[in-house]
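Attaching a single structure in structure tokens format; questions to follow.
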Amino acid sequence: MKELFGSEPKPGAMQEDFQDITAEHLFGDIWTRPGLELQERSMITVTALTVLGREQQLKTHLRGAANIGISRKKINEMMIHLAHYGGWPVAVNGLRIAGEVFDEHEKNKK
Amino acid sequence: MKELFGSEPKPGAMQEDFQDITAEHLFGDIWTRPGLELQERSMITVTALTVLGREQQLKTHLRGAANIGISRKKINEMMIHLAHYGGWPVAVNGLRIAGEVFDEHEKNKK
Amino acid sequence: MKELFGSEPKPGAMQEDFQDITAEHLFGDIWTRPGLELQERSMITVTALTVLGREQQLKTHLRGAANIGISRKKINEMMIHLAHYGGWPVAVNGLRIAGEVFDEHEKNKK
Amino acid sequence: MKELFGSEPKPGAMQEDFQDITAEHLFGDIWTRPGLELQERSMITVTALTVLGREQQLKTHLRGAANIGISRKKINEMMIHLAHYGGWPVAVNGLRIAGEVFDEHEKNKK
Amino acid sequence: MKELFGSEPKPGAMQEDFQDITAEHLFGDIWTRPGLELQERSMITVTALTVLGREQQLKTHLRGAANIGISRKKINEMMIHLAHYGGWPVAVNGLRIAGEVFDEHEKNKK
Amino acid sequence: MKELFGSEPKPGAMQEDFQDITAEHLFGDIWTRPGLELQERSMITVTALTVLGREQQLKTHLRGAANIGISRKKINEMMIHLAHYGGWPVAVNGLRIAGEVFDEHEKNKK
């Protein structure tokens, strides 16, 4: 979780029980399973959030993707591909959010 | 397209104009773009089809995934991960279809 | 309703209360409102059912579309267009179902 | 409607015809049917809006839920449950909106 | 799980790891949490599956609902209500599946 | 594209490759195909975006619809119809956005 998001979630950021379940089950038990590289888990998470139109979580996971070294170019390419499976609008939104996230990410690195 | 599906689509399998657009635009122009490996395109396509519940196309693209060497173990792992982003039912369906596709694929290889 | 589907729904085809609400409210009050031609209502209904992946109802309403004189060519064109807004799979499914419906419709006319 | 939302909708809040249909058909004819308690109708409405990601209407109906005495604890529990059927993101959004609505509701009661 | 479905799942019914996660996490940790009655969990699960169009899982959970004593009348009423939040087609499908499940359930009881 | 949106898209409004694909493939090759009138393409695009809840693109295409002479009355009627196929919330959102777009459109014409 820290590797992906650069920090632990702030206390109070989520309802307490759900934060525990998320930390223990989703990030503790699922994201750490073998069989997929962290970058692969990040790519399929970004894909799912893009085509389902979950924009807030997409932003969070695009930040994660940038943190673990997935390039802006690769994300853009994913969005162009996904336009054809989830429809143009999900790619328009995905590319806009990716643009914001990577602009911010590159600014922070300087 | 042949690399992925093992054969060219049969004439008459789709409405003619749409088959042309699919062959030229989607498989000709988009799937061949640089920036993503073929296996990566396959993985994000399978992901999109899984969470959107497009079962018939998921079956086709899981066959493609098997053809280009993505393992059953990796697909299973993707489905377990996606249960948490698209809901349990999309993973139940995805794992069932993947089971059928990989059973068939392994039988054909013998 | 009869104009669209060629017959009244059979008793017992739907749960009774819901059939009444559908007949009175949806077909009685909504489909008969001025402001849209019957063909326009049919086109937007087919569009909604296509992109939402409601295949059974899509089949019913494609039969309705054929009954009121919307051509196979127009429906095909709609599906090709919608591939770009709802994703390729909804058009693949829509064109397949439209093919079945119009084949049947043309056979019945002879 | 007044029981649920604490007031009648303001004139002009919605397009006029649709406001009439909503008041007469949806709230007049459907919400008042026997067979489900008002609290049960509220719970399934909140559930549908959560998993479909209709955030604006979810906010309105969470206010309704609070007005008719459904507890914050119960809503939180529903969201944790729904994470597993609609995916984590719908629960994250649902819990955030529920947090805002119940904070406001408790403040207004004082 | 046994209370709801009348039996434990057959070995091999699901991919093994996912079956373990489902049994331990979803049915073990989540469905047993306090804060919602079993009937309430069943009702919101049925609601989510209905509006998301997950027909296979809906059938399974409608059987569960019947097993724990939720009446056909109540399920029908839920579907009529949900037509207005998820669209007519999800209710048409939900009522058809509920009809099959409750016919079977009543036959088995005799 | 210019006929629909009143202007060419600003450079930099979208990721460059995707803007090219959109201009050449979607607007160049698809929207210009015979078989559907421009107004019909606009109507089915608005319908798809409404029921899929793609609000930002819906706003853009409602502006397009107004530009090519589709009336506010017709759009309102479409939304009332679509409430019954995509659920009430998509119509509430669609009517709100249409209200904003047509208010702006009528103000600009004076």
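Going by the order they are written in, the chains are A, B, C, D, E and F; count residues from 1 in each one.
Here is the rule we use: contacts are C-beta pairs under 8 Å (C-beta built on N, C-alpha and C of every residue); 3 or more make two chains touch, one makes a residue touch a chain.
This is a predicted model, so every value here is computed, not measured.
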Interface residue overlap between copies subunit A and subunit C, same or different (over half shared): same
Chain whose Cα centroid lies at the greatest distance from that of subunit F: E
Farthest chain (mean CA position) relative to subunit C: A
Euclidean distance of C-alpha centroids - subunit A vs subunit D, Å: 29
Whole-Å gap separating subunit D and subunit E, where each centre is the average of the chain's CA atoms: 22
Computed distance of Cα centres, subunit F from subunit E, in Å: 38
Junction residues of subunit D, two or more chains touched: 21, 26, 30, 48-49, 51-54, 76, 80, 83-89
Subunit E-touching residues of subunit D, taken from the complex the two chains share: 26, 30-31, 33, 35-36, 40-41, 43-45, 47-49, 51-52, 54, 73-74, 76-78, 80-82, 84-86
For the subunit F and subunit A complex, residues of the former touching the latter: 14-15, 17-18, 21-22, 26, 48-49, 52-54, 56-57
Residue numbers on subunit D that touch subunit A, as the complex places them: 53, 76, 79-80, 83, 87-93, 95-96, 98-99
Residues on subunit B engaged by subunit D in the complex (per definition of touch): 51, 83-89
